[in-house]
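Should a chain be cited, it is by its letter among A, B and C, assigned in written order, with residues numbered from 1 in that chain.
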Amino acid sequence: MRMSLLSKIWIYFLLLVTSAFVFFPVLYAFMISFMTGPEIIQGKFFPESINFENYTKVFSRLPLMNYLLNSFIVSASVMLGQLAVCSMAAYAFVFLKFKGRDFIFFLFISTMMIPWEATMIPNVFTIRKLDWFNTYQGLTLPFFALAFGTFLLRQHFLTIPKELHEASQIAGLSRFAFFWRVVLPVSKTSLVTLGAYGFLTTWNMYLWPLLITTNQSVRTVQIGLKQLQSQEIATEWGVVMAGVIVVIIPTLLLLFLGQKQLQKGLSQGALK
Amino acid sequence: MKRVELIDVSKSYDKQVDVISNINVTIEPGEFFVLVGPSGCGKSTMLRMIAGLEEITGGTLKIGEKVANNLSPNKRDLSMVFQNYALYPHLTVQQNITFGLDVKRMKKDEQHKKAKEVAEMLGLTDYLDRKPRELSGGQRQRVALARAIVSETPICLMDEPLSNLDAKLRAHMRSEIRRIQKSLGITMIYVTHDQVEAMTMGDRIMILHEGKIQQIGKPIDIYNYPANPFVATFIGSPPMNLAKAEFHETDKQLIIGSEFKLNVPAEEIGKLPRTSMTIGVRPENLYPTTPETKEEDTFHVEVTNVEILGNETIFSFKLGKEEWMAKWGGQWHIDIGDSLPVHMEFESLSIFDEQSGELIKKTIDYGKYVSNKEVPS
Amino acid sequence: MTRFAHFWRKSVDGRAAILYLLPSVILFSVFVFYPMFRTIYLSFFLTDQTGNAAIMVGFENFMYLLGSSEFQNSMKATGLFVLYTVPITIILALFFALLANEKLKGIGFFRTMYSSTMGISVAASSVIWLFMFNPSIGMFNRLLSVFDFPQIQWLLDPEWALISVAISTIWMNLGFSFLILLGGLQNIDEHLYESSRIDGAGYFYRLRRITLPMLSPTLFFIITISLINAFQTFGQIDILTKGGPSQSTNLIVYSIYREAFINYQFGTASAQAVILFIIILIVTILQFKLGERRVHYQ
């Protein structure tokens, strides 16, 4: 595609201005995180010097390391749990023939229509009954089954030629071996997409940890931010922003690395 | 090397009409057996029933004297090559070839040795570490072949393995598959829709149409003596020309397509039915006239299309509603609209019963013998 | 016996399927289906402090809600919020996606910038925006003072609070919408553009006649998701405004949360949850009904 120089310049201009706007809040927070109190009040954009005082402060005020670890454990468990549960279900929907398959699939899809917030009240009671308040299983288990994930993987599994299944039947592969040695490796891209999506959404989860954690033992960073914000609000914005930067770095990195993958994978799951 | 026997085999879905019915055939050990028919005739279904990928709903399948109806695919001691090759995209060529051996828990070094042997046989040695997507169509096809060969099963099934290749490569692979099959002595069951493949590769071929066997036999016998008009038009290119014909008692003539009149030799008159019949004549048996040709065996036709292929010339003309084709050796200067004299002989006709389609009269044997070969009596 | 053997052999896939589906089925039953029915059940009761159904009141919870000005206000705020956020988010995201779909040097960098907000949690974004909206040291009021405009009390002013929350939400949702739309744009067959180029079509003609129709399934998907997401907004409310000032940002999920876990009125909270469920059901069904006619699937 050939483009005239003028339209190229024009597009670059638009790209630069708009993306600067979009990224500005993050950059701003980043700058603030290095500023001292007076600098912030003066309303500067660039800090006078890069000092990490706010970062050391935020780690001393809050068990932030603990929260980060909790968030990591919770996000990784949900990611792995979703991959396991969803891929098994998707395998059954694609490669096994059984009565009522369409009906069960419809039931799965129908869960997408139920907003999670509409079910949270009984879910909190369930967790209480199981005595799972302030536990990892309470934070993670309810999210292992995911209709969207099952659907995404099913779409990918459907593209596997049925001859591959037949060839492995002739080779004498058991059902599970076919699932494990052929289906999963062949669907690596979709698994990565779903994994990144699961990790990202769990890391950013807010309402459920707010309801399920009452002390610091398994509390996640998002709730930590709320805590930080309500403690420090009036005085030390620099410390708060340092906390913000610490919390968003893992997911931003994940997003930067997996942006292409995520974009392809999600739009595929959305459409077919 | 095992025998495969199908006894009264049929297949239906949801207890509806049979898609395949009354298949009775014995495929001999070491035989190259080709299943051929137009798409949707049930040939792939039949192959998949032999493989165990489809349930057999009626009849008996025996593999090597053992009833195999309910055996799972891997217990049937066979290998299969698929049309789209079914290579595992995440495995290298080497791993693809040894996949089946690995499932059977063969030792690693033995796997490597076998893979190497087979790769050498098929010219894949340089590609063992590549992934399927880095290979050309022909190379993928060879990997699929290698995977079947390395399993050393006595029976090999192939489902249109060459249909994704270009014409030149296809011709080459035809002879290569044939060569490998002969040298390993495996029983081959080969499905294709391409009659050229069937003719050139098969020891015997079976023609299927709408789930029923039309004819089983050696390729040349099927070409010469097609059992019914379907086979006659399916095998051979261009296909056999067909037309309705009636015997005119008083003139002792066969009236073909109510236009051509052909004298019937006296000794043949008794064999002809008195009702109407279907006659067929191969395009190569419509000859150019020579000075010796008798006027009553000559027809004048108006050319509607011409194809000059270099070594032969094919032209079409209308006979009633049918379009007929004639094939003359060499290059002929013929134009559309020309009126040509064409010569036809009663001996070269195939005659089918109009109702049952059964072959009533065969053509004579046109096979020639090389001068130093003994002619069988 | 042979009949049993036959049945056993034929049902082998079914038995395997049970195993493979069991984890999903159990989890869905415990954490989706059961609580959904339980929520509906609770919505017909008055409950005690621990959430047990105490007195059956029929539709009274619903009648009470529909009559209460607090709930009406919450519904109105939710509706306005959806109206403010969804169209603008999608139009902006589409604009960015169109820009980022040009094949230019360094385009990957811009794509990353646009999608960055997807990697930032609601809590973190809210804290950043809380600072930017700060009336005395936040950058918005600083900008206003630079241009000599009157100062705005953003989150503290009932007139402005909902708009402020909406602005921050648009920013938060941009990344995800952008990624999905860019993915949709890249799925469009390049040949379509080439043939239209041969016909001499201009940029906006191509946009209207090729890009948007071919993108319509993706647009349809992202509109549905954005609508549903907007109805489920919670985190930014909790951090930015806590539903205030004077309930102007008391969106429905926040209202459910407050009713249930602060006021311990599980019956009325459940009734609100049922209403939320019905709204989302209607939105989805409407989307599909309208979408079916409009969307060009490839």
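Simple rule for what comes next: a contact is a pair of C-beta atoms (placed from the backbone, for glycine too) under 8 Å apart; a residue touches a chain by one contact, two chains touch by 3 or more.
Quantities reported herein were computed from a predicted structural model and do not represent experimental measurements.
Colleague: What are the mutual neighbours of subunit A and subunit B in this structure?
Modeller: Chains in contact with subunit A as well as subunit B: not a single one.
Colleague: By mean C-alpha position, what chain is farthest away from subunit C?
Modeller: B
Colleague: May I ask which two chains are joined by the most contacting C-beta pairs?
Modeller: Ranked by contacting C-beta pairs, first place goes to A-C.
Colleague: Once you find the CA centre of subunit A and the CA centre of subunit B, what distance in Å lies between them?
Modeller: 58
Colleague: Roughly how far is subunit A from subunit C, centre to centre by C-alpha average, rounded to an integer in Å?
Modeller: 15
Colleague: Can you check how far apart subunit B and subunit C are, centre to centre, with Cα atoms defining each centre and the answer in Å?
Modeller: Result: the chain centres lie 61 Å from each other.
Colleague: With touch defined as at the start, can you tell me which subunit A residues reach subunit B in the complex?
Modeller: Touching subunit B from subunit A are residues 161, 163-164, 166-173, 177, 182, 185-186, 188.
Colleague: With touch defined as at the start, can you tell me which subunit B residues reach subunit A in the complex?
Modeller: These residues of subunit B touch subunit A: 48, 51-53, 72-75, 78-80, 82-86, 88-90, 99-100, 103-104, 151.
Colleague: Going by the contact rule at the top, pick out the subunit A residues touching subunit C in the complex.
Modeller: 1, 3, 8, 11-12, 14-15, 18-19, 22-23, 25-26, 28-29, 32, 40-41, 43, 84-86, 88-89, 91-92, 96-99, 101, 104, 107-108, 111, 113-126, 141-142, 144-145, 150, 175, 200, 203-204, 206-207, 210-211, 222-223, 225-226, 228-229, 233, 237, 240-241, 243-244, 247-248, 251-256, 259, 262-264, 266-268, 270-271
Colleague: Please give the residue numbers of subunit C that touch subunit A in the complex, ascending.
Modeller: It comes out as residues 11, 13-14, 16-17, 20-21, 23-25, 27-28, 30-36, 38-39, 42, 50-51, 95-96, 99-100, 102-104, 107, 110-125, 127-132, 137, 139, 142, 171, 174-175, 179-180, 182-184, 186-187, 193, 217-218, 221-222, 228, 231-232, 234-235, 238-239, 253, 256-257, 260-261, 266, 269-270, 273-274, 276-277, 280-281, 284.
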